[in-house]
Amino acid sequence: MPSRKLTRDDLRQAAEKYKNWGKWGADDEIGTLNYTQARDIVAAAQLVKKGKVISLALNFDQHGPQGAKSKYPAMGRINPLHMMLRTGTDAYSGVLDHRGIRAADDMVVMPLQCGTQWDGLGHVFYENFMWNGYDCRQVTTSGAQKCGIEKTKDKMVGRGVFLDVPRALGKNALDDGYAITSDDLDKTAKAQNVTVKRGDYVVVRTGQMEAKLAAGSWDGYPGGDAPGFSFETLQWIHDRQIAAIASDTWGCEVRPNETEAGINQPWHWITIPIMGLTMGEIFYVADLAKDCVEDRVYEFMFVAPAIPITGAVGSPTNPLAIK
Amino acid sequence: MPSRKLTRDDLRQAAEKYKNWGKWGADDEIGTLNYTQARDIVAAAQLVKKGKVISLALNFDQHGPQGAKSKYPAMGRINPLHMMLRTGTDAYSGVLDHRGIRAADDMVVMPLQCGTQWDGLGHVFYENFMWNGYDCRQVTTSGAQKCGIEKTKDKMVGRGVFLDVPRALGKNALDDGYAITSDDLDKTAKAQNVTVKRGDYVVVRTGQMEAKLAAGSWDGYPGGDAPGFSFETLQWIHDRQIAAIASDTWGCEVRPNETEAGINQPWHWITIPIMGLTMGEIFYVADLAKDCVEDRVYEFMFVAPAIPITGAVGSPTNPLAIK
Amino acid sequence: MPSRKLTRDDLRQAAEKYKNWGKWGADDEIGTLNYTQARDIVAAAQLVKKGKVISLALNFDQHGPQGAKSKYPAMGRINPLHMMLRTGTDAYSGVLDHRGIRAADDMVVMPLQCGTQWDGLGHVFYENFMWNGYDCRQVTTSGAQKCGIEKTKDKMVGRGVFLDVPRALGKNALDDGYAITSDDLDKTAKAQNVTVKRGDYVVVRTGQMEAKLAAGSWDGYPGGDAPGFSFETLQWIHDRQIAAIASDTWGCEVRPNETEAGINQPWHWITIPIMGLTMGEIFYVADLAKDCVEDRVYEFMFVAPAIPITGAVGSPTNPLAIK
Amino acid sequence: MPSRKLTRDDLRQAAEKYKNWGKWGADDEIGTLNYTQARDIVAAAQLVKKGKVISLALNFDQHGPQGAKSKYPAMGRINPLHMMLRTGTDAYSGVLDHRGIRAADDMVVMPLQCGTQWDGLGHVFYENFMWNGYDCRQVTTSGAQKCGIEKTKDKMVGRGVFLDVPRALGKNALDDGYAITSDDLDKTAKAQNVTVKRGDYVVVRTGQMEAKLAAGSWDGYPGGDAPGFSFETLQWIHDRQIAAIASDTWGCEVRPNETEAGINQPWHWITIPIMGLTMGEIFYVADLAKDCVEDRVYEFMFVAPAIPITGAVGSPTNPLAIK
């Protein structure tokens, strides 16, 4: 936590310092996902040694975190609504037989930010700009004309590195409001005997989700206070040239934010529109954490494809750690 | 195409012959996905040699196949509706600034069967039964209490084999109504110098989707006549012990069906509820086909996670062939 | 409250006693709405004397009652989701100008039972039957093939009578669990100097909704304990030959129910499928109550059209009392 | 049809001429609905003479007009999706019995502009302004903060006047592109022996909808060429001081529009944001037309409540003509 509250001027300076606009051409729409190269994918596949697949997704249902209470204003997100268009009870009742087949169909209504998810590069704006300097008016009610999540459809594959910060710090879970520093990330990597490299997908545990699951209530989780990345980790992310970062919290960065009043989620102001960093949120890491404790291997092949919904600013995902 | 139309008695015999109920225990809910073993996943990862990721998903949007005309009754499926909950135009207009962050959110309304998709084991019933002998009344308006797609959340990873049937037969695309036989599949594999093995994910090209895309109209695609698997391929699937099968058509099997009146999609009657075979439909294989022609390698690591929507009978997916 | 809990046998006897099946022909789909005759509508219009329109609808939004806590299992209903398809911020941003018009559009996702609503005759079944003896399998995932709410599209017009029960009993609101009796209804009518007649639309106040609104929380309202009609009011309803009845609670009848375990909402078992009685729920009556106190007139023209959604088992409505 | 195409300058002049901003106070949100006074409602009720209720709504279902072809770009509107949350087939299958009641629930997903509908005053903007001079940025993805349709919840009641223009002109239906003039409206009223007065709800028939229904296809209807109001009818509307106007077409005004390129729906530019005129579209008037021919009475009590969806820019409605 910085000794003083961050100001708009601090954000402005960070924006200048970490700006990757133009780095991958004027028409790039995927930002730091470009860091992962073909040989990194080949190397990542070599990490598959025991043939174990670990899902980092929460199930998508009414038990999800949306709608729980927090002290901040709600965002209007709901848990997924799953509806049946045809059922086994229809089948049993004989009402499908005129079709010559007994089959069920279903439907979902869901905010793309409601569960385990990627934040695409159309999700956050810096002033009137989105990633790579595109005009924010490219994201209209018709969707994102630039940086739609569908542009990432053959990305989200690479080396995954898991950083279990609370474990490295000797805790079960970090406290709400705890700002994870670059130093914490380095210490954790070192304790786990793993090195973060260019093009990696970094998954960071805070333990907050597991604490909520254990408590049987999501209250405080969606938009609430949380442990998370300090603003100063921007430097760490920038230096490491990682492809993407994900965490087990609602919004990755520490809350309450380190900013003066009127600035919400300052780290997001920089990561997405300025750096072009895709982010994962609400990742379920308990199973991965347990497995890593057992085999002491904190790197793996990471495959977490977005559903290519055209013009979407994010996507639900079922991220897989393959070890 | 068999010399005579298939009857209910033929289906009954097939059901007895290919029934895998109980094979993986009385409480199994994932069927043939069990065929893929840990060592198969390790071996699949070894197929990643050039670090290329090829998506097999159509984008999910209003240009999808639903709503196009066919001569059969419509199923009520629509293309995905993507809606914005906050936009860049809101940001530009200054109406988000009271939140201290300029960010966009979005939402989707979509039938889970509307695009590139997995058919889960709750999707089709045989009489009053679903996979493994579960009562079809386990699939109610509250969803699938058994065999929900979320049960597969750490599956859909293994060796992928691509069978480009029209290419092997010297054609661009198979004709509507062409019934792909076991012999066709074997010939194709042989021509491509690839062997299908236990636990594989088999992706079969008919060329129909590419023909529709080239024509600029999906008319005839959703539920319409199509090339696809002959009923007799059940034997091939059964013998090979594959994990799953997918194709580029709306419904995998040949249409018009090989059955007498009143039996619709007979192959589905057996694959899903009797064999426990998960199926992929509406897979976009044009890019993969091109790549395979170029490198002559028809096997790859296949990762196609379902979105674990609790109780769903299917899921959109962004299947990745990683070579 | 009866001296003993109602049993299934009591329900069976009531079903025999109050059954209106066939009364309006074997193909009738609107039940007691038939009681209102043309001359009743003419007479109802004569009640319009001061030209005042009072809406009995809650607004449909995120402040609605769904999602609030109750001690009973939730029904899966949500408050309406209202989404914009084009906005004034789009207009301001100039992104609509290529269309030659600056216009906003919007969309709603809502359970038809989420707010001020009519329960149609497809909403509740008695054993395997719906109103008029139709098979309950006429209500499939494709909707209600019989008794869809669209069948009422030119009904819901007649004389309205408002019964302010708590006021007649000298209270602001009835207590949760208070069972309104036929005698209470008669006393209220008498105190208000109004007579309930054949074909009337009867709107009954309990005061519960106003109490929840005053408390600033809907907790306990959706599906919770409530004042409401005693099972024995079936006789009153039957004798009066009213067209429909509505109240300001979630479900009209008293909760906890007057039944032994395993029977939920016994009054509904009879009213809808047996009598063919359309019911209104979650009616907002505070403004009407106030007006009636002022002018001492408890009868009015009542117009509350359902939105004719084909095959729906209910409909949101904006009921109007026109005085 | 004017002798020359209307220009932006013509619109600007019309905006100055017909501007009602401030007429009902600086905080008014309902515009010309204010014209109807209490005594008008009393008088309207006196028009109920035979007790007949005629619905002016199309049913809301998959047979609605959205999705049909037109030569103009689509607006992204769909027909209503009706989904069941519980069914009679569930009931029959016994899976509801643990609840102690057999009941069905349902849900709708629908654009508020998809069928018989009111266009609220947040629907169209003139430059950066909405009705009464409000900033168009009051209509965000969070809905209309000003002029939401819920503000009309106790309006939409008054005298209805039906103008059967094609009948007065000796035709079954007006041709696409036919511009209804003020003179046509006056002639029709005169032929029908009816006078349009301040505060009236005017419903105008073109016959286009009936022609589409007879043809069995909506092609050309949604957004397509149509008969409708000439721009010059603004003067007629302004002089008559009517409360609202409705028609049986998709968009009330004549198409192709009478404007030069780049100006779409010019009449809407003035009616909604400048005059504050609420408009009804996609009204089904065939039954009303027939009844009026029979009894030669073209005035009636009109009750067409909007569903008060907070912040909505329109609403489905089931408008009733009560004669």
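All chains are identified by letter, namely A, B, C and D, in their written order; residue positions are counted from 1 within each chain.
One rule holds in what follows: a contact is a pair of C-beta atoms (placed from the backbone, for glycine too) under 8 Å apart; a residue touches a chain by one contact, two chains touch by 3 or more.
The shown structure was predicted, so the numbers you read here are calculated from the model rather than taken from an experiment.
The chain pair with more C-beta contacts between its two chains, of B-D and C-D, is C-D.
Comparing each option in A-C, A-D or A-B with B-C by residue number, the pair that reproduces over half of the contacts is A-D. For this pair, subunit C with subunit D, the centres built from the Cα atoms lie 27 Å apart. Centroid to centroid, with C-alpha atoms defining each point, subunit B and subunit D lie 45 Å apart. Shared contact sites, meaning residues of subunit B that touch two or more other chains, fall at 76, 83-85, 87-90, 92-93, 95, 107, 109, 137, 140-142. Looking at the complex, you find that subunit D touches subunit A at residues 76, 83-85, 87-90, 92-93, 95, 107, 109, 141-142.
Subunit C contributes residues 37-42, 44-55, 57-61, 63, 73, 75-77, 80, 82-85, 87-89, 91-92, 99-113, 122-128, 130, 135-144, 150, 153-155, 157, 259, 262-265, 268-269, 301, 303-314, 316-320, 322 to its touches with subunit D in the complex.
Looking at the complex, you find that subunit C touches subunit A at residues 62, 67, 76, 78, 81, 84-87, 90, 93-95, 109, 137, 140-141.
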